[in-house]
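So that you can tell them apart, the chains are marked A, B, C and D in the order they are listed, and the count of residues begins at 1 in each.
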Amino acid sequence: MTYMAKPLSCDPPKLRGLSEKLILSHWENNYGGAVRRLNAITAQLAELDFARAAPGFVINGLKREELIATNSMILHELYFDGLGGDGISGGSIDEALKRDFGSVDRWRAEFIGTGKALRGGAGWVLLSYSHRDRRLMNQWAADHTHALAGGTPILALDMYEHSYQLDYGASAEGYVDAFMENVNWTNVARLLQAQAPGERASEFEVWRAIR
Amino acid sequence: MTYMAKPLSCDPPKLRGLSEKLILSHWENNYGGAVRRLNAITAQLAELDFARAAPGFVINGLKREELIATNSMILHELYFDGLGGDGISGGSIDEALKRDFGSVDRWRAEFIGTGKALRGGAGWVLLSYSHRDRRLMNQWAADHTHALAGGTPILALDMYEHSYQLDYGASAEGYVDAFMENVNWTNVARLLQAQAPGERASEFEVWRAIR
Amino acid sequence: MTYMAKPLSCDPPKLRGLSEKLILSHWENNYGGAVRRLNAITAQLAELDFARAAPGFVINGLKREELIATNSMILHELYFDGLGGDGISGGSIDEALKRDFGSVDRWRAEFIGTGKALRGGAGWVLLSYSHRDRRLMNQWAADHTHALAGGTPILALDMYEHSYQLDYGASAEGYVDAFMENVNWTNVARLLQAQAPGERASEFEVWRAIR
Amino acid sequence: MTYMAKPLSCDPPKLRGLSEKLILSHWENNYGGAVRRLNAITAQLAELDFARAAPGFVINGLKREELIATNSMILHELYFDGLGGDGISGGSIDEALKRDFGSVDRWRAEFIGTGKALRGGAGWVLLSYSHRDRRLMNQWAADHTHALAGGTPILALDMYEHSYQLDYGASAEGYVDAFMENVNWTNVARLLQAQAPGERASEFEVWRAIR
């Protein structure tokens, strides 16, 4: 298994409030680094004799690093795919946000507030579709390993300091505001439609039917 | 938003090597506790003024506990749904395991070895479908918060000590072996088919098409 | 460097509400296992070429496992040393608890409440002397890696489920109450006196003097 | 309990390879922010009714944030105290490093390699005195909560990205090298002497005597 890096989907010079230097460093070093590391980890894991020789601490060490690198790869791709828009949501996505958060403003306050709470540290805020309850939720993450089980993230706000220190120093607030102005809502709506088909019965609903 | 608990899907007296007392305590206290806690957390989060009054440390504290309880709920449901079978895989799921791990034996060694490596602590081993690369993988988790971003877990092995201490004491190995003999592969295959449609283009493939 | 296991300091049959089977399994498997694992990890780390050949993910994996095993060893020793008494505090330790928590009852409520909050998962509650501020505090830990930087723990309540499931199942509350009745306060007072000399100037005080 | 911030102990314009802007932002926002946050958390914890009304998830949330802020405060003070020197070790500290790591070069390779392994994420590398075994060790930390139980850290390398992104972008390697050139070894030796008195019997040795 070899993981391939995906080209940068957004056009850095067109982003407002996020410098080309920052975005390219983020993409090349942090995203690219995760993909390269994941391939090296995968190669080591393939050599392990899980049934006999491999000590538990070696398995725990490598499997944890595999999860970190895999999620870093996946979430960074989603992060960059979510940039390049005008930050103005509407249509089907607004309807979904109203349904699941009461209002778009409430969703926005939760999403932004959760991001700003992570300032000075590391983590992600993920707008995710939960298949269990067929609704959107804002998921908090303090590092790459945290994710909603079985959820489909459709918008990712990176709160690792490499996302903003070069441009904003410690002012994570300014960065979060800039991020929101560049959100590509067309992509978010497309992902909600394609990857999180709310019409499909959830497992929670299936048990009622099959029992 | 109120989360409802799902009835226990497997029939405890029919499980081999896992006592009814253990399963019922696990289901009532750990699964049930997670659902009850999640409802209390959700109510507190609904009261928070994310935009102004709520301190970052309160947001971080509650959102982390929400993630713990949500994943505990979701993964425990999957865990109990995965029990009650004869432990003998075959058909489409074996084909998928061969395709993605080289052989069913190799998958089995990885899954079991990762579980046993977690003995004496806490965590999960999840057989998950990764939508990014359209393949199955074994995901390691050291606590409820760890999950493959955007993945669909289809089999969950609980390695928290409440899963086995009552029956096995510190012998996590015996527990893992007993778990494997009770896996309901029919349910695993159904989930792979229904929730992880491998035919749908992944995001990674979409970018090739839309650019 | 080879780590040696320390004999069990308390006398299991004399403990009330904690079975000999539970204590011996805990000591042999969880404490003993940590020491044995730490020696194996230490041997692997000694072989690593940190300056050149070792990939970062291998260093991160092994150094994390080293921290887990080291703290597990140290905290388990403190846990067992803290058992075997009559649970009745007094004298110098009560004075210290009053000074730093307002009252012994308040300390007790915080310590016990923090322990019970960890039910169903993993972790520790540590009564620790903070050298920075020359005072006792109750420290929360969700796993072996969490500790107060530069602190001296003098009483350790193990909240991993291996500490109680055999005797109490999911009833962590009963376990915490039993633990409190067996605390060896003579040992706690001795440690406070010997290892946490409150008269020594803290770093925080030194800067005033040397500047 | 009110925590006071400690003035910056090193003189930023005299550091080589670390800009005044970076150091002052680090000190004011990350260190200062931790102290301010800790005071707010402490005030909330003082209001909690641990014995009755406080839900476990509120206790877990606040106690975790207290640990993060406390360790961030303590480790940042040690970090800044460790800067401002010429980076050249010698005397008693070199003897201790040789005794516990085989050679100063080996210690250096481990310490630097562990730091560089944390690039792109968060964490600390701590040279700590372990009272259990009366020796120095290099401790890895992936976030503020990780510390050697009962250890005394005497040199702290901050690997959070706020320590270097402003000056070095993603080049954590350049930052680690710059840090090493500014280490104030006089302070490290003083701490080893004052705070980690190796002559005092460890708990591990005490049990031999008292039994």
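Just so it is clear, contacts are C-beta pairs under 8 Å (C-beta built on N, C-alpha and C of every residue); 3 or more make two chains touch, one makes a residue touch a chain.
This structure is a prediction, so every number in the text was calculated from the model and none was measured.
**Student:** Of the chain pairs B-D and A-B, which one is connected by the greater count of C-beta contacts?
**Tutor:** A-B
**Student:** In terms of residue numbering, is the interface formed by chain B and chain C classified as same (over half shared) or different (under half shared)?
**Tutor:** The interface is built from the same residue numbers on each side, given that over half of them are used by both copies.
**Student:** Please tell me the distance, in whole Å, between the geometric centres of chain A and chain B computed from their C-alpha atoms.
**Tutor:** Taking the mean C-alpha position of each chain, the two centres sit 20 Å apart.
**Student:** Distance from the CA centroid of chain B to that of chain C, rounded to the nearest Å?
**Tutor:** So the centre of chain B lies 30 Å away from the centre of chain C.
**Student:** Distance from the CA centroid of chain B to that of chain D, rounded to the nearest Å?
**Tutor:** Roughly 36 Å separates the two chain centres.
**Student:** Give the residues of chain A that touch two or more other chains, as numbers and ranges in rising order.
**Tutor:** Within chain A, residues 56-57, 60, 64, 142 contact more than one other chain.
**Student:** Would you mind writing out the residues of chain D in touch with chain C in their complex?
**Tutor:** 1, 3-4, 6-7, 9, 48-51, 54, 56-57, 59-60, 63-64, 66-67, 70-71, 73-75, 77-78, 81, 109-110, 112-114, 116-119, 126, 130-133, 135, 137-142, 145-153, 191, 194-195, 200, 203-204, 206-207, 211
**Student:** What residues on chain B touch chain C, complex-wise?
**Tutor:** 21, 25, 29-30, 33, 120-122, 142-143, 160-162, 165-166, 169-170
**Student:** Within the complex, which stretch of chain A touches chain C?
**Tutor:** Counting only chain A, the residues touching chain C are 37, 40-41, 44, 55-58, 60-62, 64-65, 69.
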